[in-house]
Amino acid sequence: MIDKRVAGPAAAVADIHDGATVMIGGFGEAGSPIELIHALIDQGAKRLTVVSNNTGSGEVGLAALLKAGRVRKVICSFPRTANSTVFPDLYRRGEVELELVPQGTLAERIRAGGAGIPAFFTPTAVGTPLAQGKEHRLFGDTECVLEYGIRADFTLIKGRCADTHGNVLYHRTARNFAPPMATAAGVTIVQVSEVVDAGQLDAEAIVTPGIFVDRIVHVPSPQQESALIAAGARYP
Amino acid sequence: MTPPATDESAAIGWSRDDIARRLAQDIPHGSYVNLGIGIPELVARFVPEGRTLIYHTENGLLGMGPSPAAGAGDPELINAGKRQVTMMPGAAFFDQSTSFAMIRGGHLDLSVLGALQVSQTGDLANWSTGEADAIPAVGGAMDLVAGVRRVFVITQHCTKEGEMKLVGECTYPLTGRAVVDRVYTDLAVIDITADGFRVVELAPGVGFDFVQERTGATLLPPIQRTAAV
Amino acid sequence: MIDKRVAGPAAAVADIHDGATVMIGGFGEAGSPIELIHALIDQGAKRLTVVSNNTGSGEVGLAALLKAGRVRKVICSFPRTANSTVFPDLYRRGEVELELVPQGTLAERIRAGGAGIPAFFTPTAVGTPLAQGKEHRLFGDTECVLEYGIRADFTLIKGRCADTHGNVLYHRTARNFAPPMATAAGVTIVQVSEVVDAGQLDAEAIVTPGIFVDRIVHVPSPQQESALIAAGARYP
Amino acid sequence: MTPPATDESAAIGWSRDDIARRLAQDIPHGSYVNLGIGIPELVARFVPEGRTLIYHTENGLLGMGPSPAAGAGDPELINAGKRQVTMMPGAAFFDQSTSFAMIRGGHLDLSVLGALQVSQTGDLANWSTGEADAIPAVGGAMDLVAGVRRVFVITQHCTKEGEMKLVGECTYPLTGRAVVDRVYTDLAVIDITADGFRVVELAPGVGFDFVQERTGATLLPPIQRTAAV
């Protein structure tokens, strides 16, 4: 019998090492695996490189991980949002490195990392500062830049429901970066609010097949970033 | 570059709603459309009766609907501006690599974006003013302009401070090179052509010279449609 | 209201021009859009380039299109199967050109074509005859070859169910090449045995979003290649 | 190259079932496995009690089960050999680009394949004999050997005609270069090491020299495991 459940968030992230590259799902608060991030803060790993579309809001979740000084570098497309002050402060003080990547190029680089494609050409960003220093090549009339796949040591994502084999379903626009990130890490950890036995999900409707998932954490009632911020919460 | 000092410009020409309404007339029935955050979102309110557009939001939804009723929202059903939205019949969710495959692969018919500057060759600058202290953030703007079939810009013709936004060459960092097809401003609708800016239509009561004075490159006059050639 | 249904297979393929590149879904008989292929035979377009994993069996479906002399070139990974005689005969007589592509590279080239990626590097086929003449590059320890995206003028695929917006569900392993092919053509035509109104499908479970589909043809009882061959059928 | 003429080779060593059974012992519980068409498929019959393997078929199914009962099959639920199969609890369907992302991206633990030739550096030839009149067909073999973490070959040690299949250098067109980890034949289990072929285990009653005579490159003897070093 195959059962990828682990005891809880702490057990799931216990082996994330100092200096690890960690992909973290979410677009804004949608899909942010807050319980896994908080467990990672408790666990204490340092000098992390974080791959995530944003940098969190308030002082919970991803922003709290940054605030705790655990992140050396962020690879993302949009590091500021309405309630985001932690990253901007760190960045202005020179305490965190930023690799800014267009959102679609970020998604494609992650997919490529997971699909064994070391590099690809894309027309996105040609003629902009984000293409500077990159290899260019013309395809027909379209100038492109060469972009490289990204892989991580760990991926932390949030799903809605998983079976014990690690097949995952998501909730609406919380899906966002989770499926490609699930494919691109040595160890993929997913928190879900529901776990069912293998065979309970429709094989036609599975979004992330279990082969991409290593550990399942059951978090029955995940917290929502905006609700925590509205309540004035900070972590830890 | 600063146009002639005047206080009139706010009072004349199209209002923001007028610009959005004018732009909406140019979107065919059945188009797949991505509306940028802010003023571009206004366009959805003015789609002519009888036309259905399908809205794409790059964070992973096709068939996006308007904001939910108060209290009925879902914090995980949001748009690219991270505001809560709804879904229409026929909607579909997908991940980010699929969403940007739609964009980069030329599957969307139209992207409507705001602008800091648009050049006469269709260069667009809309993501960064290049200030040293700014936190750089690009999101999906570069992907949209590189991939979507047509790119419309909706913007005030000049900034609040009176700076020209339609220019010979952009001074802000680019979002994309030669990507804009058409610009809708409070003063005019202007195409980007191989010859540069060409006026398609002037707002009511706005003269060609008035627009030219507020534009940082030569404006070509509308092409006259004659009854017979 | 949006409704992408067309009258039938003949109407769906009416504008396929001589010399067109046509992607045809299916892995063996699973997912082969037989009714659309037969309509294409009736329609008469010539000098086609066909992108498909196989070359059909017996003298129905894809094999019948080849037998009718309509295909100039085939891009595929496996052009022979148990009951396949049409393609081998044509190939040995020099009457059809073959571009042989590893199956995964074929799938990825089609996906790239649909995703606006003009080219990508892959380790597949390095050191083999299929890598000869291709650009090589080393990424870390892994040597790779450069492969190019493929696009087509038309894609013909089979789904199980579509809504009027063109959102498509598939049936088991009949899915195979249909989702990437749907993204990579100027005009994508899908035959399905069931059509429902927009809003009747679960938005979380849609495999091919409607943006990739141009025309829907309702074929309530599609024929199965093996059954036709067992019955001794030939087309036309 | 032809080994010493003998009629014994068919009678001694492991049967095909024996080879499959021996190979199956080396696959850990929970592995994601792709079994090639033909002899490799036998492996699934001999998985030791208490282990669950998850079978991938590259045409788009993870969690493949055995052949259906007569008359219970679905012509659109097939394996890579285009034979009807079933699905196990926990199965998932996906498209070809996802299926080969699994393969190329190193997500599968093991690929078991047949061979025409395997070289002492792990080159594999298993898709073409290079005959002029043959219809070239490759399928997913090149993707599997390039992407899957471990590649096991299961094969007779020599062809029916007595030709060696384990060779110094392949003469048939390659499927992949330096891709094979281990070979299971009727005579022995042999690792591909940095030093060449190394015998891991001999079939009962089969001597080292007997295998060496039937192998087209130097065989290294098994590494002796001593109780203490």
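Each chain gets a letter, A, B, C and D, in the order it is written, and its residues are counted from 1.
What we mean here is this: contacts are C-beta pairs under 8 Å (C-beta built on N, C-alpha and C of every residue); 3 or more make two chains touch, one makes a residue touch a chain.
Just so it is clear, the structure is predicted and the values come from calculations on it, not from any experiment.
Could you let me know which interface, C-D or A-D, is made of more C-beta pairs in contact?
Of A-D and C-D, it is C-D that has more C-beta pairs in contact.
Round to the nearest whole Å and give the separation of the Cα centres of subunit A and subunit D.
37
Rounded to the nearest whole Å, what is the centre-to-centre distance of subunit B and subunit D, using the mean of the C-alpha atoms as each centre?
For subunit B versus subunit D, the centre distance works out to 57 Å.
Let me have the rounded angstrom distance from the C-alpha centre of subunit C over to the C-alpha centre of subunit D, please.
The mean C-alpha positions of subunit C and subunit D differ by 30 Å.
If I count partner chains per residue in subunit D, which residues reach a count of at least 2?
87, 93-94, 97, 100-101, 103-104, 146-147, in rising order.
Two or more other chains touching the same residue: where does that happen in subunit A?
Correct list: 108, 111, 115-117, 122-123, 170-172, 204, 207.
Please list each pair of chains that are touching.
The list of touching pairs comes to A-B, A-C, A-D, B-C, C-D.
Can you check the complex and tell me which residues of subunit B touch subunit A?
57-61, 74-78, 82, 87, 93-97, 99-101, 103-104, 123, 128, 133, 135-143, 146-147, 173-178
Would you tell me which residues of subunit A are touching subunit D in their complex?
1-2, 111, 113-117, 163-165, 167, 183-184, 197-199, 203-204, 206, 209-212
For the complex, which residues does subunit C have touching subunit D?
Interface residues on the subunit C side: 27-31, 53, 77-82, 87-88, 91-92, 98, 100-108, 110-111, 122-130, 170-180, 207, 224-227.
Can you name the residues of subunit C that touch subunit A in the complex?
Interface residues on the subunit C side: 108, 112, 115-123, 137, 139-140, 142, 144, 169-172, 202, 204-205, 207.
How about subunit B: which of its residues touch subunit C in the complex?
30, 32, 52, 54, 56, 62-63, 87-94, 97-98, 100-108, 146-147
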